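Following are the structures in question.
The following pair of complexes shares a single chain, chain A, combined with chain B in the former and chain C in the latter.
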Partner chain A sequence: MAEQTWLRQYVVLERAALRAQLQYRVNFWTTLMGGVAYQGTQLLFLGVLLGKFGLIGGWGFSAVAFVFAMRLASHALYVVPFGALRLTDEMVRDGEFDRVLLRPVNPFLQLVTRMFPLMSLGDALLGFGALAVFGWQAPVDWTPAKIGYLILAVVGGGLVETGIQTFFCGLSFVATSTFSLRIFADSSITQFSGYPLTMFGRATFYAFCTLFPMAFISFLPATVLLDRTSDVPLPTWLTTLSPLAGVIVFVLGYTFFTKMMPRYTSPGS
Partner chain B sequence: MSTADQVRAFRGMTRAGTRSVLIYRGDLITGAVALVIQVVLAIAVWRIVYSGRGPVDGVDARTAVAYAAIAACLQSVLLPWQFSTLPMRIRNGQIATDLTRPLGLIWQVFGQNLGVLLGRLPLGAIGLAVAAVLGALTLPPGWAAGLLSLVATVGGALVAMLCNLIVSMVTFWTFEVSGPLMVYRFGSAFLSGSLIPLWFMPGWLRGSVEWLPFQAQVYTPVSIYLGQTRGGQALALVGVQLVWVVLSTVLLELVWRRARYRVVVQGG
Partner chain C sequence: MAVIEAADLVKEFSRPAVLEGRLPRLRGLFSTKRDITRAVNGVNFEVEPGELVGYLGPNGAGKSTTIKMLTGILTPTSGVCRVAGLEPSRDRARNARNIGVVFGQRTQLWYDLPLRDSFEVLSDLYNLDRTTYRKRVGLFTELLDLSAFLDTPVRSLSLGQRMRGDLVAAMLHEPSILFLDEPTVGLDVVAKARLTEFIAETNRSDGTTVVLTTHDMEDVERLCQRIIVIDSGTVLYDGDLSRLKERFMPYRFLVLTLAERSIRRVADIPSATEVEPSAVGTVLPYPDRSVVLRFDPREVTTPELIARASQVYQVDELSIVDPRLTDVISQLYDGLLT
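Moving on, here comes the complex of A and B:
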């Protein structure tokens, strides 16, 4: 019962947010294009780089493009439903969060439905399009089990990103401006999570598995599908379980968020 | 208002812009850490891509690595995410107060943007220092090249600021500008050559990129600094920057003339 009302609240609020965004027609189309263009840049970059150099860290274009596509599809699963989280630090700074606390709806739900991130539709378009194209071209013999694993991996990756961003929202209650941090997380994931992450050396790779768990977003599950788990300095069973990391990261992020929320202080006027 | 007063007002806007960056210390520190990590990873990527390979298209590993490091730093100074407060001011109606100020709106915004850029200079310096420690930087081939690249950096910054202002002006018509800004951001990230130098782009792509204003922002100063573009060619690139400064100033003036009749003050 409680869960049903949650979902209903989400749908009602998100629909209102979407309506608000659709007021600006020109912006709608340019934003959609912007989403495709921004993420497409990275694909173009990988294409130009590998067109010139052939391999990176022993991986060719078809494998790297597949990782890229998985990453973007995961990103879409974060940014379409939860993208509005990025407004949190502004709301905390301007004191708009006061209003959130006064309403009888879960604060996290209100933050998430604060605005519908239009650009995310562009991400989704390109992400799932790329996954279809590069999944087809990737050196993987697709079976129903592997397709199931791919779906789990993409959902897990989306949860990892949502968890990281939720963690930053929690941080914004004590740090006022987390803008740089979030942009950094976003651009690091965009720029670097498409590479075979083991190429940066062991220490950096382990940091990507723990401190900043970017490796779980697409690289680790992709090694399972591409049959390259031997590249990874982790036991194969652990690599195979990587889609589960999403749940863990999200629960950690959300717990941190709820622990930090009472420390919110309304800015004086 | 006399010219001296106007200059003083402009300086005031610049100072305010710088302060708006420096006041969020935590943000600045994370920004610096983020840039350092980005520079380190960019250096790693290019070293791995080359790994023992000789020059590709006449560019050796040292030059490509130095390019990646400098371009990342330059981009973080020139093109941060929130460059201008103009779109926000138009949307929430603050624009009304701005328009009553004795200094023209364009100069106010320009002053503020310049301030933000100056405030972010230390970030770029930290990034470059780390690149130097990692042995990724090289010196310019001579004094002339070094000096010219400095001129080109200023030129690039001017082109970047003017383009940014023109894109922000779109808000007068659409109220929401995050879309156009994203397209612009795409333009500046890839087409300016900050992700990958123009040398490595296939002919068709390079041909089109050379006709756009973005390459003047990052590619021009860095390739002159590294001595990849020399002599007459280097001077020609700086000339192209100048043309873009003039063209975008004219365009900005035209857009602003129309925009001022579109001002709708929102809220009360």
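Moving on, here comes the complex of A and C:
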């Protein structure tokens, strides 16, 4: 029995998760339609918001729309491959995590393949669609280098969100329920990270760069692409390196997760 | 060399302390005090390859906690456990390849997938080649009679069917060690018999080492040569089942049902003691006409005792009853035997 590559294991587990969901036909279709409808309302809200207010924090419509689209695309890169992490809390609390530990497969890999991200496919559609449309309209002179930077920034943003969620997974091994914390993080990211974060004042902005590093999700790299790094109270070189934050936050979150895992108490017998 | 070793194994759990005094729940929200319980308190044992060991104890004794440490689910607080030379909590993935685990209370299968799909996924994860996979599934399908429900989603299986499925899932990758935590709980007589026969056969023919926890003494008598009894996290007895019986159950019972007209009296029969009918452990058909004599076969042979009893009583029926293992075990739990 040779070792399977993690990619092969990912495919095997994700395929099983999809097959499991296909067992419930009505649920399959309503989930798919629900996903599209849910994300559609977000898009409508953005349209209304920007139609009513010309400027947000000194930023015009096309710039804000671009930041927002970057955040949606980053979010899709978290929620499609890693969205099942939200089930960890429950699996740890009811002991289902036992079976994760009984298989010769990386536990994190098993957690992210716990459920096929059917509903999140709507997120991906919306995110990348919006990025294409608003990226086109944004005041950016697109060059191959800038497109490369955008891709790195979106991937980095996805990793920041994944890192934060992975941190909460680690926390669920020691705190019985992390549900409200996770929802708080989720909705804060949804509500704030798509906007020019400097508009909340300096102290809050620094908190968004350190304690709760959502500034890296789209705002900071967007200032680089929009040539507005002067708006940011950080050295330009640091702002330019912001896509790297994704790797750092993810590594920190994953390290915390693996350090906390031995404290799993396996409830029930 | 031992294939499973536990040395001074300890597992502690801590939870927020329950406070006393005024408004305990409200104050509890702000308290950092924690209560520590020791579920496993210095357990030592070794299991040799090919053994079939019963790991017994009352609810909350620490059985499942021990099994969870040996399977890599829980990390010991202190002490060492080794399974096939590996420390399960440190070498979790490699240990997982050597062992098969069944928890009676919780399935390892994909709840929404047909049984066959679960087997396929596991086969892929363990990287079994197709020939081995087909051979193993074919063998198990025949031995455990799975063919009727191989394509049924796990959620629609009966408990007995699901347990058979779980057992196959645990054994597909040919583990040399099996941990079975209450595999027969809730099963009917037929399903239980089939499962225990399969476990015995696996142990006999493949030399698979089996550690079995159960509350069912019939399972124990049918399967285990050796038992380890624990309570409150410590080992109370570790040894042969037959030695336990010799040591704590040297007696047998002679149950006499007296003829209607026979006069019941206090009789002095040498080498036997009259005891309460309840000591037998089974319900006697005519308790008011029954006399139960406890005797030690080393002191008096059964025919001899029957002859002596027949001189005293007019007997309609008689039977010899062995004490039940379950009574001995529960006396062990209660600390009545040392």
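The criterion applied here is as follows: the second predicted complex is superposed on the first by the 255 of 269 C-alpha atoms of A that agree within 3 Å, B and C clash if a C-alpha of one lies under 4 Å from a C-alpha of the other, contacts with A are read in each partner's own complex, and residues count from 1 in each chain.
Everything below uses one rule, namely that a contact is a pair of C-beta atoms (placed from the backbone, for glycine too) under 8 Å apart; a residue touches a chain by one contact, two chains touch by 3 or more.
No experiment lies behind these values; they were computed from the predicted model shown.
Undergrad: Using the superposition on chain A described above, determine whether A:Ala175 touches chain B (first), chain C (second), both, or neither.
TA: In the superposed model, A:Ala175 contacts chain B only, not chain C.
Undergrad: Of chain B and chain C, which one touches more residues of chain A?
TA: Chain A has more residues touched by B than by the other partner.
Undergrad: Examine A:Pro104 and indicate which partner it touches, taking first as chain B and second as chain C; both and neither are also allowed.
TA: second
Undergrad: So, does A:Val12 touch the first partner chain B, the second partner chain C, both, or neither?
TA: The second partner, chain C, only.
Undergrad: In the overlaid three-chain picture, which partner chain does A:Lys259 touch, first (chain B) or second (chain C), both, or neither?
TA: neither
Undergrad: Counting only touches as set out at the top, which of chain B and chain C does A:Met119 meet: first, second, both, neither?
TA: In the superposition, A:Met119 touches chain B alone.
Undergrad: Residues of chain A that sit at the chain B interface in one complex and at the chain C interface in the other, please.
TA: Overlap of chain B and chain C footprints on chain A: residues 21, 24.
Undergrad: Going by the contact rule set out above, which residues of chain C touch chain A in the complex?
TA: My answer: residues 13, 63-64, 68, 71-75, 89, 92-94, 96-97, 101, 103, 105-106, 108, 110-113, 117, 121, 124-128, 153, 173, 181.
Undergrad: In the complex formed with chain C, which residues of chain A make contact?
TA: 1-4, 8-9, 12-13, 16, 19-21, 23-24, 95-96, 98-99, 101-106, 262-266, 268-269
Undergrad: Within the complex, which stretch of chain A touches chain B?
TA: 21, 24, 26-35, 37-38, 40-41, 44-45, 48-49, 51-53, 56-57, 118-119, 175-181, 183-184, 187-188, 191-192, 195, 199-201, 204
Undergrad: Give the list of chain B residues in touch with chain A in this complex.
TA: 24, 26-28, 30-31, 33-34, 37-38, 41, 44-45, 48-50, 53, 56-57, 81-82, 173-183, 185-186, 189-190, 195-196, 200-202, 205
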